[in-house]
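Paired with chain B in one complex and with chain C in the other, chain A is shared by the two complexes that follow.
Up next, the complex of A and B:
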């Protein structure tokens, strides 16, 4: 095994690993500051912040020969016998000078900069910069440039690391951004008439180590230190990207990608990034409602009387039992735990209940970018998980189309349709097939032609408001916690099913997950604690003896 | 800082002298203070009939005001630092892009809940542009809780009311202006 010496301590790296000095030093617990280097982009070694002293230890004699000048850590491979010095006086002075040089052209408008609090320029200046400045600097307001529909460039805050330029060339493959002018007059810009408008554009804002690129959706909304973050999974498509939901006082303010080498690497698409606004849509269903006698045949909220959730738990079961043959659509927006409990509830009401995977929304085709990132056409996060759950109860996998045909054929007296889609999903004609039922339970985020025909109209929870496990298109199961509380009057689906199953206490998705893992071989991988990056469901874990 | 830090100088308490051990001199010293206060002029006033005098209005911590700049615009740049520093969480700001070219953002709404405020002056300390200041207005009354939530217009009107008696501290006390 190759051995690298970092500040005097020897660490082993893998024989076939290709690490640079920044990565090798990180293994030894030493953080080398860097701006322009990013693990997902090519190396340019232009910021000069990661300059370190290196050398080579002779394998035979053990004699160390140092390189006489500083070298960029991002560009220097760490191999057997490489000596890395990250804390010498030479390195420390060099970092302070780089910081000083960067700040000469910087507006230092931290109080009004949205990046303040998560800015590498601030952090590194605090850690490596000089306490006093030698140049006579005055804060000024940065020039602002509109580079695209979602991104604003604050020209003078830029430190020319070119991460954003490399991203558009290497990952999104669109190449809108470029560097204009030379030397101290270098600036990021777009070609006239070609704005930064691609489906991954928002990532340049995350990549920017300073406050130069601002997300218009988030600009001026909150200071970052007010935000709390929860590790979550994007519900926008079946890729199931790992994200951080950043929120304050139960309001989501932005979504950020969470590094996951198995799923999304460091990126998310703009569709997912801005796909949280429906959570705070004022037109969401906010109370459980039961159709009144006078409301028969009418649509709209006035046709429903609000019902307390405790009564819903009792009355729903009785109503469905009285109605007779039950058909249930298990939405691919539900978590594995919720889907499993819903199937259990349905089968406890009607042992012959017809179980089907709910409507699977599809838009366009899978789109893969040059950097390997793929946006899936299937706009739901958990089809595979729900399919596997339904298969536990009914070996015959049925789709939404089968369920509609089943109901149209007069084979059901009651239907329970779970939805929770952020966009409109059902047309009036399809919804009409459900008109003749004695009981129709619809659980959805918004009103729809189907909800207008419902006997029970129940609100659903959004993606950040539920906890559980989703299985993405590559069979990777990721467990996540609830980020924000649902609006007042909304019970997440899991809580309703938990109570309908007569289980005591608060809904505990982890307990349900462990129960599923213990009872079904298909979900055996979900036993125990899941890693933050998720686990491949096809991986059959061997029980420790 | 650890107790073993070389920057710390540790001092030993002096042993008690004869006077301290006798106790009587200190007793007399204390009684003298009491007697001095009995004959010194009174500082208590019959408020509200008599208004108390504020020593230095520039450092008094009364009702807040939002300062205006030379052009009469609100000085605040909506950086949220006052709201961050506020231990009572009584400041609520909604920021938006400013309509002026020389300023990036400004407060669309700026509210202070005067009932929640503890008048600690941290907002004033935190402000990087000396936009929020505490005036020497010390009696603050209202008929309802809603009335005591001061919005931007009201805070600016406090500035208009007090700007002559209490000029902005920026110039007088070496602020950034």
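Up next, the complex of A and C:
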């Protein structure tokens, strides 16, 4: 195995790994500061913050020959015998000078900058900068400019790392951003009439190591040090991008991509990034309701009387049992655990219950960008997971269409439709098919033509409000924790099913997952703790356990 | 005038010297025909290598050696880029060659392309040379008509096309990878190396980048022979195995405070004093030289006492200059303020820094602002320390930038402060009697960015 010497300590790297000195030093626990380098973009070595001293140890004699000048760590490959020095006086001085140079024209307006608290310029200045300013004092300037519908550029804060420019050229392939002018006068800009308006545009804000690019959706909403982050999975489409949900006091403020080499690398799309606003939509269903006698036949919220959840648990089972033949739509918005418990609840009420995968929303076609990132047309996170769960109970995997036909054919007396879609999903005509049922349970985020016909109208939880496991389009199962509490009056689906199954204590998705993994070969991979980047269900099935 | 007979400049002053007929009457293109008929490309490489020709663009790298870095048996295409983006202040030797003897350059390009197996050559011409553009394009057209360019030149299976590309006027396009990026239609930001252009250059193919004067030298070596070329100049220092010597004639661009500025051809190794006195007629108005730029502003400064330094590839380095550069000798007389000189130099580099690497982008601009403040009578002695630090830490040699043009920006600062510190201190103390000793940050000179 190749050995790299980082500040005197030897570390082994993989024989076929192509690491640069920043990555190799990181393995040894040494952080080499850098601005322009990003693992997902081409190397330009222009910020010069990662300058280090390197050398080569002769394999035969053990003699070390140093390169007689500083080299950028991002551009220098780490090979067998590479010597990396990150803490010499030369390196320290060079970092201080780069920090000083970057701050000459910077407005240093941290108190009004959104990036403050997660700004590399700030962090590196405290760690590597010099205490006193030597450059002349400028009057404060802060020019800002719209570069697109979602992004504002604070021109004077920019350090010209060009990450954003490279992103639009290499990953989104749209190339809106460019560098104009020359020398210290150069700026990031767009060509007039061609704004930064692509489906991945929000990533440039994440890439910006300083406060130059601001996300209009998040601008001035919250100081970042108040935010807590939870590793989560985006529910926007079947790609299942790994994200961080950043929230404070049960309010989501933004979503950020979470690095996952198997799924989304470092990126997320804008649809997912801004796809959390429905969580705090005032028109959400916020209480379990049962249709009142007087409200029968009428649509509208007044038609439902609120029911305590404890009563829902008891009455729902009795109502459905009394109704007779049950049909259940298992929404692809549910987690594997919730889907499994729902099927179990349904079969405990009616052993012959008709189980189908719920409505699968599709919009357009899959869209792949030059950098390899794909936005899926299937706008739900867990169709594969729910299909696999339903298949455990009924080998005939039925679809939403099958269920509608089944109900229309008069084969069901009661239906339990789980939904939880952030957008309107059912029209009045389809909802009309469910009119003749004795019991209709609808579990959804918002009112809908179907919910208006329900006997039981139950609120659903949003994506950040539930915990569990989703299986994406590539069969990768990712487990995640609940990020925020659902609004008062809303029980996440899992909690209801857990209680309806008569299980004690608080809903424990991990216990359910382990139970599924232990009982079904298709889910064997879900045993134990899952890595943060998830696990491929198919590969694990092939491997001997 | 010394007895050296100009070779590269022999067409200067000849009526219609730029035409193919005139060039052929002086013996031009005959060597090309002979080489194409009798010699293999490898022989031409050997010839240039044996001549000891070093690149005339500034860095002085061995031309033949550079050609051998191309990958062997490459399926092609291989490109030859000829650097005519002559932007170094004080330099105009390429211009003379392109305007007065373009066929000499073209013959050199054809020979070099034959040697490197390039089938396409690009001439990257700076925008500000419209006359060169017309002359070169005219000469290229003539060469096509005479069968020296195009398909199967002189009945051989060697083909070559030359494209003349006009840049958009930027100093950075003279850096070889900046030139390549610009030719590809991109912003001329120099590339990180490795890979070097010989491996991966223009359009990601092996590429050689040579200067116009180098091309002219190749043509003369083919015409007059290796022995002739090696008989001129300064032989390699036997005590220094890394010195390849400085052979051949060189075009020196003499300008500034001399009686007769101009482009003069002399053997490499002539001293600055000889050049000024014998060619330039001495420093003007009977004054003394205060400082001399040995080869373009980016090479730094020689003081009057250093004028006996030979202007070969090794000479200026021995007195603390960056090197011979483009051999553009600019004379600064003793009535000129060195503060003004440095201000002008910093203004140029602050304007021309491409802005890619932080140390150069911010360093050139910072140094200009300090000099503007010094000139406005608000200088501090501390500024000199900061300027010197900038000069010593900015550039490819300390490792803080991608390309060598940052070294060129740093060298005048470093040389001026080191060699003329007394004058700077006097100036600052005289113009800022109450504030020269301040060490705290002071308000910037201009209110910038008010909006």
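One rule holds for everything that comes next: the second predicted complex is superposed on the first by the 536 of 545 C-alpha atoms of A that agree within 3 Å, B and C clash if a C-alpha of one lies under 4 Å from a C-alpha of the other, contacts with A are read in each partner's own complex, and residues count from 1 in each chain.
The rule we apply is simple: a residue touches a chain if its C-beta (ideal position, glycine included) is under 8 Å from a C-beta of that chain, and two chains touch if they have at least 3 such contacts.
No experiment lies behind these values; they were computed from the predicted model shown.
Colleague: On the A-aligned overlay, A:141 touches which partner chain: chain B = first, chain C = second, or both, or neither?
Modeller: Touch partners of A:141: chain B and chain C.
Colleague: In the superposed arrangement, does A:225 touch chain B (first), chain C (second), both or neither?
Modeller: First partner only, chain B.
Colleague: Would you mind checking which one, chain B or chain C, touches more residues on chain A?
Modeller: Comparing touch counts on chain A for chain B and chain C gives C.
Colleague: Is A:133 touching anything from chain B or chain C once the two structures are fitted on A? First, second, both or neither.
Modeller: In the superposition, A:133 contacts chain C only.
Colleague: So in the superposed three-chain picture, is A:452 touching just chain B, just chain C, both, or none of them (first/second/both/neither)?
Modeller: In the superposed model, A:452 contacts neither chain B nor chain C.
Colleague: With the two complexes superposed on chain A, say which partner A:71 touches: chain B (first), chain C (second), both, or neither.
Modeller: A:71 sits against chain C, while chain B stays out of touch.
Colleague: Which parts of chain A are in contact with chain B and also with chain C?
Modeller: Common to the two interfaces on chain A: residues 141.
Colleague: Mind listing the chain C positions that touch chain A in their complex?
Modeller: 170, 187, 189, 192, 350-359, 361-366, 369-370, 373, 382, 386, 389, 393, 397-402, 441-445, 447-451
Colleague: Which stretch or stretches of chain B touch chain A in the complex?
Modeller: Chain B reaches chain A through residues 77-81, 84, 95-97, 102-105, 128-129.
Colleague: Would you tell me which residues of chain A are touching chain C in their complex?
Modeller: Touching chain C from chain A are residues 43-49, 51, 69-72, 75, 93-94, 97-98, 101-102, 104-105, 132-139, 141, 143, 156, 159-160, 178-179, 181-186.
Colleague: What does chain A use to touch chain B in their complex?
Modeller: Checking each residue of chain A against chain B gives 109, 111-112, 141-142, 144, 219-221, 223, 225-226.
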